[in-house]
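Next come the structures, one after another.
There are two complexes below, and they share subunit A, which is joined by subunit B in the first and by subunit C in the second.
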Partner chain A sequence: MRSTRVITAAALSAALALGACAPEAPQSGGGTGGGQEVTDATLTIATTTDVVNYNPLVGNSRSDYWITNLMYPHLLSIGEDGEKEPELAKEWGYVDDTTGFYELESGLTWSDGKPLTAKDVAYTLNAVKRDAPAGTLYGQLSNFDTATAVSDTRVEVKLTKPDASVIPEIGFWGNVVPQHVFEPAGSVAKFANDGSDGGWVSAGPYVLTDVQRGQSYTLERKDDYPLVEGGKPKAAKVVYRVFPDVNTEILSLKNGDVDVIANSLPPAQVKELQNTEGVTVQEVPGLGYAHMTYNMTKPDLAKTDVRLALAHAVDYEAIRRVVLQDQAVSTGSSPIMPVLKQYYDDSIKEYEHNPEKSRELLDDAGYKANSEDKYPLSFRLIYSLQDPVTTQWATLVKDGAAEAGITIELQGLERNAYLAKTDAGDFDIYAGNFAIMDDPATNMSLTYLPGGAINYSYVDDPELTKLIQQAQVTFERDEQVPILQEAAKKVRDNVYDNVMYTQNLYVAHRSDWSGFTVKPSELLSIVNPISVASATKSE
Partner chain B sequence: MTTTVQMPQAQPEETPPKASSGTWRRFRKEPLGMIALVVLAVLVFAAVAAPWLADYPTGYGDRVLEGPSGAHWFGTDSLGLDVFAEVVWGARQSLLVAAAASLIAIVFGTLLAVVGAYFKRVDAVVGVIVDLTLSLPVLPLMILVAALVGPSTVTIIFVIAAFSWPEVTRVVRSQALSVVRMPYVDAARLMTSSPAWIIRRHVVPAVMPLILVSVVLTASRAVLSAAGLAFLGLGDPNTWSWGRILYEAQQAGAMSTAWWLPLFPSLAIFLLVLAATMLSTAYNDARNPRRNR
Partner chain C sequence: MSLWLFVLRRIGRGVATIWFAVTVTFLMLRLLPGDPALAIASTNMTPEIRAELLNQYGLDQSLPVQYVKYLGELLQGNLGMSFSQNIPVGDALMQQLPWTLLLVGVALVVTVAIGIPLGVVAASRAGGLLDRVVQVVAVTGQSLFVPSIGILLLYVFGLQLGWFPIGGAYTAGTYGGEWYLSVLSHLVLPCLSLVLVQLGAYVLTVRSTLMESLGEDYIVLAKANGLPYRRVLWKHALRNALLPTTTLIGMQICLYVVGGVILIETVYAYPGIGRGIYDAVTRLDFPVLQGAFLLLAGVVVVVNMITDIVYGLLDPRVKVGSS
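So, the complex of A and B:
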């Protein structure tokens, strides 16, 4: 019925840091590789974390996603502007308001020779709904009822109520796993899939064959992979090597010990590597944002004037210029970023950096500054120590607030402690970022509806709730956009969220490698399966 | 009888000034010891005089990751802040943590040591606790505690102190054990029934030189531990410390490209630890001239 209308939304909580990968027709990426192509080369990729989960439905670390995405395909992929693109599914959409469908590519097989059919897709979705593994896919299934394989290449999805974004969402966030391997293992939430039972089974371009924990993960080519040009991945082997930190990764890349650094580069290192011979730096468009939320369950932060005072005390321009080295763009303090061209509203303006205004707001709200010009306001700001960019700008936020007479106490936390405190609401101000926020309707429902999974400001504004719910069931984009823009303005004006920028990332690879396909976000970047399978080395 | 009692009483009161002035005379002849003392004095001076030496590094600067120059002696970091100012102000935090943590460790460690040495029954328990604590993997536990409680200066001080006292206890206890067997301590027992008085007047003064050496060594180890924790991101993010400069350089991926970032704070840590070790060695030699001559 609504044909293949792509309404997508995928709010990626920093907490879950979920990734998705999506092959598409290969384009020539960067690189200056000329000369003879090396056949059966080995592509060595640097990462800083070990694989925690080999089960793509559970997933946790970046390495989990990068490696499992080379084995378990997604139904849909994503473009630079957040639009969905075909991957395993060549068509998708709605039959009626409560029935969606995916039409799959034919001819894909698992590495053990079994065909990949609609039954695997239906099994994956139903099993995730049943076992509730802790991943983003499960979060997308709230209005999902059941999936049925109506033929070998068609899956139909029954919904519990109309939802304009569930079909593209599931397609983008879900990996498809082999039914004949996962079903005998019982619950998909508990299955480790660690290869202890005869290795891994892959329908992606590569299959994991050897694991040296703390050192390397070796994947070998799967000879037939129809989603890449020529039907066969170019590099014979892909080796993920684990490094202690980004400094050692950079040294190894310069020495030629590794071919690609999978993590995005620290902003201050981009220029240096761009000028390094033999190294190519590739820009990866951002599709998420960095933000601060003010915990509105705290009496002071429940006041709009206090939140506005905090928002006006931040020097956003300096943060983007110094910390991010101008590698970020303002969203105008709106949760709808400029990269989402169809939704962006350029009439929404960023909070002006003006500590004097902050003081006026606080004076008007009845706060009295003491003899040292300080207000009786002190807030605890939490952030993850594993996020170097946020760690840097957190100090600028603190300094800015001090100018306005507000005390901010920084609490940088180890990642797991940070996630636990975030979930428990144990903070005054939360600083973090979302990797992919591609559909405003879904994002806003997760971030601003009462009880939303990533509603870290604990906002509960009935008018905003009404707008978001209306947008969710509005299938035509022309009607949906003004509703979402009105909601975004509300968020900005009431400081329900303080969205600071979209960061454009940079990744580096050796110049003798070329043919990478760039996809948005650090999770896809140039290590998405199509890109890895298309990369070639020249002599 | 009275004379025998008075003798040991007078001894500790009279001898320390003599002993210490002799120690100081011999210490001045130890060139390494004097150099160490000067280095430590310079570091302490930098810490105390930080407000006059450099502005507190805050906010940001526009000249990011620039090498040492006339304007920035130690270069700038990835936020454009002056590294010299960071090292100077970092000396404050590093020395504060060192002093506070070693003070707590020394007081607690010495107390347990002398009480254990004096009361045989307590000694067994203290010995077991010390052995147990010494056998724990210290760094992982420090990381765990600092991560769970959350990084702050107070946390760091207590975490380091909590894992430093057993060394002090062990060293001081061995000396205190031989002291409590001395005849003058036995004689003191005849004078009073108060063990606290005997410990305070006779045992503690006898182990004092050892405590002084322990203070310096524990403090230098505390600086290393604090820098280690800060380097792992578990330092106080609200204050500059040498470990934090290293940590931020590592986070910014600037270790390999901006050599001045890791060099200067590392140099400060190196100088402090080396000077502390040399000072304690020189002091020990000066106090006990027969040992090494």
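So, the complex of A and C:
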């Protein structure tokens, strides 16, 4: 049959075309030579997305973050208690109110043999301030003026005004990049750093050596990495494999094709994997929270009683139990999460689920229920359809509000439409998540100061503003904590933000791998550089 | 009408079709809700960064200016740069296209090779047990939900039996012949899924058209002339029955080559063009989407032309200039 022959020919042509894609075997005889081998195991990690950007100053997706983190060190990391910890910087702090410093570990080198010095750090910070790349670090530099390398291991940072958060926040969010690679490329905002000019240069535990887009990203061990015990990463290779479907990813873990799943598991899969032989499920403290913000530019939502009525109409316990299968904890409706132990105030209590109280509040505010027991209040709640957890609890929020006589119209949106509407303030109620809220002073300035980048409630409360600004310039922790706790209480009492829960995350790995170091948040979890470099495989 | 004139007219019509598709795609993408800068960068970026990104993407210009620039670049063979990957769109698509061609091509060959004989067997035993079984299997196959069948096959043949790898197109670190074997083993399950969902359409199409053909006068005459039934069935009746099947093959190619295998490529972590389109949609990567839909339009035009030519070969009544 001719048609069959045509199709066969087409398929064979495709196969031949594919032949051009066959990778060539690596050249032999060019080994690194000499170094004592710790282990030759390959750690295979599953992720759901490809890398979008190899420039850590621009990259924004999780896979970007995980892979570039293995090459470009951060100055600081974070501990399980939410406290900043040393990474590249062994000490940090302030010389005076407008001068900060980082004292670096000595002896780190880039993979091309050049030393990593304070000049690289100063270059990175100054270049980000100058070129304004779209990544997260630039957002932390609002009060940053300049950075100067005063010695090979010390960087001093001049601020435009006193800011107690800027040094820890820059240290936590910023990757350090090699000046000798990035500077010749021009603007750090436009440099793709895609390895097309001779590969990548790394000062982390691994260096990216092979990219098969849509398939895998292979990183090879860098023999000197003093930040890990023994000075050398344990696994010889790390391979990130891309599985867009989380179910396939989980089958692959069960099968042993992959050793770690980097992204947090869907709540419904946690129990099953906990009972799977050969698989270990590890709990990772969340550093973010799920919340609803009420758009206070809307006349009804500008009233505290209406916001309180909405807050009391939600059955938070049911949401955590049913939707999150008890894998979330209450923050007491506070924007400061329990994981931040130094700041958390357990005297703040969660809004009670009490629709009758909601009705009383609305009656007191002058609203009259009609014959069907409904108040003339109708709000549009937006959420992202790509967020299955929020999609589920949005329905419970709607049902709860109906009990209190308030109508909520749910508007589930494709993620990009959701982001655009959020950004434009085109909503009555916003439901979503903030992934990492690691520093209360910084986070409150972004979320509750007028004009804050993520002030989705459009709150403008002079007293709250004063408290946050005071916290920003209070350098002593003992003095700063009560100010932030007072601000958090104000947020809670006035429902400037309705924080529903902080989700505990779960990640899974094969049980024959151990030695991971758990850090809070999905971005760090067990795939942070120290953890990956410390992991070992047993026989 | 001469063959050359026919071909020229078809090319002209094809170019107009492609222009129309390109224009509609260009406009539709810009009507999508969302902002490419927001989709790519951090949500708490400053207005200055957003303005810079939009300027970099050329989205700060008026629609007519963007359109004219786009067409101008297109005429020079330049599909633009991917917003999210920062590489030429042509490179991005050509990294993925061979995988999709391989998957779709092999699946089509297998489907046709199984589907046509099954349809013939069912038609020749119409009403019998075998016919009923084939029909049930075909209808069931058509109603399968691709991700479900994908996960089921992975669970059974990948996890439980361990016969085939789970996800991907090949095993990293394999070279030469080993690499080809790894490509083959990774191809089996996605290909089987595609065959299972496509097969029913071929079987049922061949069966119904063949049953129609078998009642035609020329078949009765052939039988009366004493030709063996197998020869009547396979040589005379099937040839006419293949006309709608040819249309179906053309449609399936158009449907699956660009975009139609998104679900299969997603479930099997197969790095084809369907996944590329999915990623581009989530990141509002207009240039990649424009390039992919241009490719789709091109495939539709070319496949339609080939289908017309194959029609002429299969059916002597369909001749150029017969009108």
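By definition in this document, the second predicted complex is superposed on the first by the 501 of 539 C-alpha atoms of A that agree within 3 Å, B and C clash if a C-alpha of one lies under 4 Å from a C-alpha of the other, contacts with A are read in each partner's own complex, and residues count from 1 in each chain.
Just so it is clear, contacts are C-beta pairs under 8 Å (C-beta built on N, C-alpha and C of every residue); 3 or more make two chains touch, one makes a residue touch a chain.
Here the structure is a predicted model, which means the values were calculated and not measured.
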Touching partner for A:Gly405 - first (subunit B), second (subunit C), both, neither: neither
Partner with the higher number of touched subunit A residues, subunit C or subunit B: C
Which of subunit B and subunit C A:Pro233 touches, first, second, both or neither: neither
Touching partner for A:Pro266 - first (subunit B), second (subunit C), both, neither: first
Which of subunit B and subunit C A:Ala189 touches, first, second, both or neither: second
Subunit B versus subunit C as contact partner of A:Ala417, first or second or both or neither: both
First (subunit B), second (subunit C), both or neither touched by A:Ala453: second
Subunit B versus subunit C as contact partner of A:Leu396, first or second or both or neither: first
Touching partner for A:Ala318 - first (subunit B), second (subunit C), both, neither: first
First (subunit B), second (subunit C), both or neither touched by A:Asp245: both
Intersection of the subunit A residues that touch subunit B with those that touch subunit C: 245, 247, 251, 254, 413-414, 417
Subunit A to subunit B touching residues, read off their complex: 245-247, 250-251, 254, 265-266, 268-269, 272, 318, 322-323, 325, 385, 388, 391-392, 394-396, 398-399, 409-414, 417
Residues of subunit A defined as touching subunit C within the complex: 1-4, 6-8, 10-15, 17-18, 20-25, 49-50, 52-53, 58, 60, 132-136, 138-139, 189-190, 192, 194, 210, 212-216, 218, 239, 241-245, 247-249, 251-252, 254-255, 257, 386, 413-417, 419-423, 446, 453-454
Residues of subunit C defined as touching subunit A within the complex: 32-35, 37-46, 48-49, 52-53, 56, 84-87, 95-96, 98-99, 101-102, 105-106, 108-109, 112-113, 116, 147, 150-151, 154-155, 158-159, 162, 165-170, 172, 174-176, 179-180, 183, 242, 245-246, 249, 265-272, 275-276, 278-279, 282-284, 306, 310, 313-314
Subunit B to subunit A touching residues, read off their complex: 58-62, 64-65, 78-80, 147-148, 150-151, 233-234, 237-238, 248, 250-257
